[in-house]
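Just so it is clear, A, B, C, D and E label the chains in written order, and each chain counts residues from 1 on its own.
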Amino acid sequence: MEKVKSIPMKLYIYSEKNYQEREVTLSQLESEESIFHSTSIDRFWLNLDEEDPVLLKKICELFKIHQLVQEDILLKGQRPKVEEYPHHLFIVAKMVFIQNDVMKMEQISFILGENYLLTFGEIEGDVFDRVRQKLKKEGTEVRAKGVDFLLYQLLDALVEGYYRTLEVMGEKIDQMEEGILSRPGTEEMKAIRSLKKDLLYLHKYAWPLREISSYLSKDDPLFINKETSMYFFDIHSQLMEVIDTIETYRELLAGLMDLSLSSVSYRLNEVMKVLTIISTIFIPLSFIAGVYGMNFKYMPELESRYGYPLAWASMGAVALGMLYYFKKKKWF
Amino acid sequence: MEKVKSIPMKLYIYSEKNYQEREVTLSQLESEESIFHSTSIDRFWLNLDEEDPVLLKKICELFKIHQLVQEDILLKGQRPKVEEYPHHLFIVAKMVFIQNDVMKMEQISFILGENYLLTFGEIEGDVFDRVRQKLKKEGTEVRAKGVDFLLYQLLDALVEGYYRTLEVMGEKIDQMEEGILSRPGTEEMKAIRSLKKDLLYLHKYAWPLREISSYLSKDDPLFINKETSMYFFDIHSQLMEVIDTIETYRELLAGLMDLSLSSVSYRLNEVMKVLTIISTIFIPLSFIAGVYGMNFKYMPELESRYGYPLAWASMGAVALGMLYYFKKKKWF
Amino acid sequence: MEKVKSIPMKLYIYSEKNYQEREVTLSQLESEESIFHSTSIDRFWLNLDEEDPVLLKKICELFKIHQLVQEDILLKGQRPKVEEYPHHLFIVAKMVFIQNDVMKMEQISFILGENYLLTFGEIEGDVFDRVRQKLKKEGTEVRAKGVDFLLYQLLDALVEGYYRTLEVMGEKIDQMEEGILSRPGTEEMKAIRSLKKDLLYLHKYAWPLREISSYLSKDDPLFINKETSMYFFDIHSQLMEVIDTIETYRELLAGLMDLSLSSVSYRLNEVMKVLTIISTIFIPLSFIAGVYGMNFKYMPELESRYGYPLAWASMGAVALGMLYYFKKKKWF
Amino acid sequence: MEKVKSIPMKLYIYSEKNYQEREVTLSQLESEESIFHSTSIDRFWLNLDEEDPVLLKKICELFKIHQLVQEDILLKGQRPKVEEYPHHLFIVAKMVFIQNDVMKMEQISFILGENYLLTFGEIEGDVFDRVRQKLKKEGTEVRAKGVDFLLYQLLDALVEGYYRTLEVMGEKIDQMEEGILSRPGTEEMKAIRSLKKDLLYLHKYAWPLREISSYLSKDDPLFINKETSMYFFDIHSQLMEVIDTIETYRELLAGLMDLSLSSVSYRLNEVMKVLTIISTIFIPLSFIAGVYGMNFKYMPELESRYGYPLAWASMGAVALGMLYYFKKKKWF
Amino acid sequence: MEKVKSIPMKLYIYSEKNYQEREVTLSQLESEESIFHSTSIDRFWLNLDEEDPVLLKKICELFKIHQLVQEDILLKGQRPKVEEYPHHLFIVAKMVFIQNDVMKMEQISFILGENYLLTFGEIEGDVFDRVRQKLKKEGTEVRAKGVDFLLYQLLDALVEGYYRTLEVMGEKIDQMEEGILSRPGTEEMKAIRSLKKDLLYLHKYAWPLREISSYLSKDDPLFINKETSMYFFDIHSQLMEVIDTIETYRELLAGLMDLSLSSVSYRLNEVMKVLTIISTIFIPLSFIAGVYGMNFKYMPELESRYGYPLAWASMGAVALGMLYYFKKKKWF
């Protein structure tokens, strides 16, 4: 028989009146199996935050979860989706949050049964603390309603994570705009690119989420109460806003890229104008000076009393002519 | 109990014959509660233009408004949407207007009951004055018809705000076009970008509005009379025009950006041509002058009577050759 | 009572056998009101080519036209659309034509009743002369069939206006292509941009027309005979062709823009090569000449008999070396 | 009565056993009219490859073809479409082929009756020879089956023309790729543009064809046997492949354009580096040489024994410093 | 009669208990024909990995496969598709894998009957080894279930090939990003372009696959068990992920292209600044030196004791002025 590491899992047992929260091991879980299928009024949320194929398999067997679901939970490159199985509803989504100024992503799977909700994350830590606190407090809606409402609360918190991430990005974009006009360079390029990448992935995760929320609010799925579906519709319209905002930010970033490029090319223009003005003024002057630096024996101008002042005069005339030309061309 | 600031609200009570407009406080409202649910022929419009979560909560309780709606009114980053609840219709939209040459946006929520309409704005001031004046005047359609027609009038004024904003933008784009060709620069870039941003947000606000007007005109929603739906369809086709125009302006701006970039690069070309022509003519000439400025003891040319004129002649030949070359290349 | 300017309108009364065409004033129209609602076999086309809100209102009252239609006719920024009212069909579209080499647009409204057709333009002149001539001639289809067929004929002429405009644009694009490769510049940019703008607006007008033709051919609308709907389908597929062609031309223009930009940048490259070749050859030579132009007392080379020829030799060697380098780099 | 040029038409009369192919004139056709409407087992294909409005009109009258169809055949700017008329099915499409390395297009109209197929081209020559040969040979499917199968064979040959054209384009794109990297220039630009144009038009012709094949395979049209519809579905999926390939090639060409532009700009960079390195090394050196070429009376360095070598030394130091700087910047 | 090369084919005969794998020739196959149509519990998989039109024809006759299918298998430019025929289901798809760091593609056709599956590849070698091993092992699902499940396993392996290919591409993109910023050049351009091309084709192959998986999971096709359809849905959502990832990578590559272009243009800017700074400082200095190198007889400065130091002083002043100007312009 395969060995199972005893990774602690968190089990929340709650009803309108009661609340219990404890770390359980697989063996404890197995010994209490009966309660998961009982029709008592208590509801359960089991949360596992580490990847452990063997443990996962055991839990899946305990809850009679389909083989395909188990494979999907373990495969980390999953597209967010919802699937209805005879005994449970399976949802996989991406949790998004900012950590140390960097966008992080974690895949999270939800399995909703009649009176239980299982959640499987990849690493410790999630965006669900707000929900846990509500669960602890007596009298909150989440305590009074079924596990489908708990699922709503978790998905709501998950979508809020997208909102928060976008807010941080919005601020970054605003800051960038000023930076780019005053000093466009490779650093700015890299920052734009990095944000662009984050937005790309954010879109990749949020877009299929929309299908999930639409399904939960419209298609009358298993274990979702009619009245909860309205809440999922609220999540749906929040997701639409998230997606619209992502789109808007992508356009803003594309605009920043253009601005940066045009700013570089405008600056090049300025640089070249300076070079051209200085060069075209002094090159002819140097030529005149060069001519009278020649050592020919018979150069009448050199002997003349007024040669030197006349050379200066001609050089001045050339310089002024050039300046007039540039002025007329509006180069400065 | 929570304290409620006594923010004045405007209450409009009207019917075909009567019209009454006054500032009310929450307590006044509560004392008159009965009239909102009476089946008298009078109709009410309650307008609140400040954000006050506590006051809002009280009003919502008074009108038995769903918890989700209350949250949605307070959450400012809402996507425009329409939702049908058992006792009322909920619409949230973005009001757009130009203030001091800058595009401003304000979120506005509508709650339509059988004989009342509630509107919640963010700050004082809106685009509804035209409607208020019609409401005051006896004999207008808005006085004769139900609150659904008042809703139409307000949405119509709101959409007109989009029209006006687009008109101002259209004029700016026309002005820019001339500016860019005569003097492309960073200022123009910033102006294009700013307009682009405004158009992006305008699109973000107008696009989901379209879904609202379509819903109101087609899906036979609660509290909307069959004959009013035709008016909402008129709003719908105006919104289509707004969206088409936004699209057209975005393309025009993209074209301006291209024009600006190409104009900068064309100018660079001109600058470089000047530099190249001057440099390539004088550099060889200076070289010739340099050669005869060398101090070698044995340089036969220097002793020659015709050295100097011949040097000039050769320099002239080189210069003419270069000019001929550039002429042939059509550089000027 | 409001005063009504007596703007002459054109009234065409026709049937298979009879044809009558005359200018009428409002008062004449009012005195003949009965005939518009009679069930005689005669059919009427009333054409008004000037904007006159007061007159329009009178006519609308005469024909019992809905208030919204009247507003729509006067609002010039209308999106082309078709609307069915109890007593008439309302269509608004954009007429497009070329005048003095410039694309012009005029809004035109059609109101189709059982035996009459009203058309309202903005200014005198339209693209309907072809239809008027057919109407005059006995034995033509348009004389034999109902007012719905007259509507088809007018819309057909209107769509042909789009065709003609596109033809002119197609020729311009072909001419431009040659111009851009031989001499890219700001003029060409402006021409491309102007064409692009025209195509943008053409698309904006033609796209919703498609919805009109689709509606007229499929949805069995009021006052349109079953057998005429096939003709509207023909218009529909012509509009599809118009839209496809617009799309194709837009892509061609985008390609022209790219070509122009790349042509400018290719030319810059050529200019810079000339500058670089000339400069890098002569700058080192000038340096050598400069060295032997120094006035140090002790410069052994200067005294040498072979100094001068050797200087030339070294300069020649440098020049040849450079030329070889450029040749190897395939710069010319 | 209008005169009719006696343009020879090709008439193919065939059944499973018999095959007859001959050139006919209009009058011969008129005299044999009865056979076209007979219910004999023979099938007819009439092919006319020249534009002749008068002749066309006569044929249309002979076969009782709708007025609109006749107009559509003559109008050359038709969008490919299929239309069902009471007595026949009308299809118009674009034939595409390569002639002398240039893409050519010809409009072709098909009219399918119960036992006849009419085809009208613009000029002599088509892509149907393969089908004609099958028709000649006894025992082929096309001989055994109805005129709908002949239509399938002709459309199949037409779609193969698109395949062949795309193959030629694919090869051209591959060749271009190599050319652009080794020598980007105006010639390559023109070639890219020309291919792009061809692809644009190919897309314009192929896209609506897809609607035709979908209609023929799904909508159970007149005169198309149930079992033949499967064959039209095969054409449909071939067209999807054609359209996918066009899309792919367009992206490849856009990539080529980018490659070409970036290649030009990369080369400019290289050219400028050479200019900058040579200039920035020699300009300071020339300055030093210039200083000691001055003719001031009191210049202590000039008198010094070590002046000249020291001048060389300082010039060498400057040159080496510059080279080190460029090396550090990785310019070569 | 046509000759048939005896290309060895692999025949897998299996049931829950039995497994047999052997190479067969056509004649062996023909002699065993009966078993393919028997209703025994054994299932067959026949795999042919070489193109042989004659052999293919024979097999098709053996299995009564439609003529069109046979043509489709041989035509290598097929768009992936699924078609239902009376006696079998036909699927054609593209297998994708990485070989020697290069993306390779092979067309593969599947024919699914009641108890057999035929697969036709182009060359030896496929991505199905994982499936073959499962087939060998007793007790696996693939052995226990029908041929539709074997088809699922093969398609699953095929889609995994897309996943693997994308993983390799993802790594390449990450590596490129670093390379481009440190040294943008033609090599990087070529690498980007090559990846872009691969992604284009990958998209072309994967997109229609999605239609296949959707069909197999939803439309209740022939020979696919209800319970297997769920597995095909799993493939479907994997394909959606593949397509999303392709899209994301294409955007990342487009971003790389932009980064590369802007990096080149930024570098050009840097190069030009160096040239401009050095040139504009030394050109005026050289001019001053040139002036005092003139040989006029009457140049008072030359005689002056302080001429030389003053010349140096003025040159220093010019140089410092220039440096100050560039500093103020933030050029370094």
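To be clear about the criterion, a residue touches a chain if its C-beta (ideal position, glycine included) is under 8 Å from a C-beta of that chain, and two chains touch if they have at least 3 such contacts.
Please read all numbers here as calculations on a predicted model, not as lab measurements.
Undergrad: Could you work out how many touching-chain steps separate chain B from chain C at minimum?
TA: Step count on the best path from chain B to chain C: 1.
Undergrad: Using the touch definition from the top, what's the fewest steps needed to get from chain C to chain D?
TA: Graph distance in the chain contact network comes out at 1.
Undergrad: Averaging over Cα atoms per chain, report the distance between chain C and chain E in Å.
TA: Taking the average C-alpha coordinate of chain C and of chain E, the gap between them is 41 Å.
Undergrad: Could you list which residues of chain D touch at least two other chains?
TA: Answer for chain D, listing residues that touch two or more other chains: 261, 265, 268, 272, 275, 279, 283, 286, 290, 293-295, 299.
Undergrad: Take each protein chain as a node, join two nodes whenever their chains touch, and name the resulting shape: line, ring, star, complete or other.
TA: Graph shape here is a ring: one loop, exactly two partners per chain.
Undergrad: Which stretch or stretches of chain A touch chain B in the complex?
TA: Touching chain B: residues 163, 177, 181, 230-231, 233-234, 237-238, 240-241, 244-245, 247-248, 251-252, 255, 258-259, 261-263, 265-266, 268-269, 272-273, 275-276, 279-280, 283-284, 286-287, 290-291, 293-299, 330-331 of chain A.
Undergrad: Show which residues of chain C lie in contact with chain B when the two form their complex.
TA: Touch list, chain C to chain B: 68, 72, 77-79, 81, 83, 183-186, 189-190, 193, 196-197, 200-201, 204, 207-208, 257, 260-261, 264-265, 267-268, 271-272, 274-275, 278-279, 282-283, 285-286, 289-290, 292-295, 299, 301-305, 307-308, 311.
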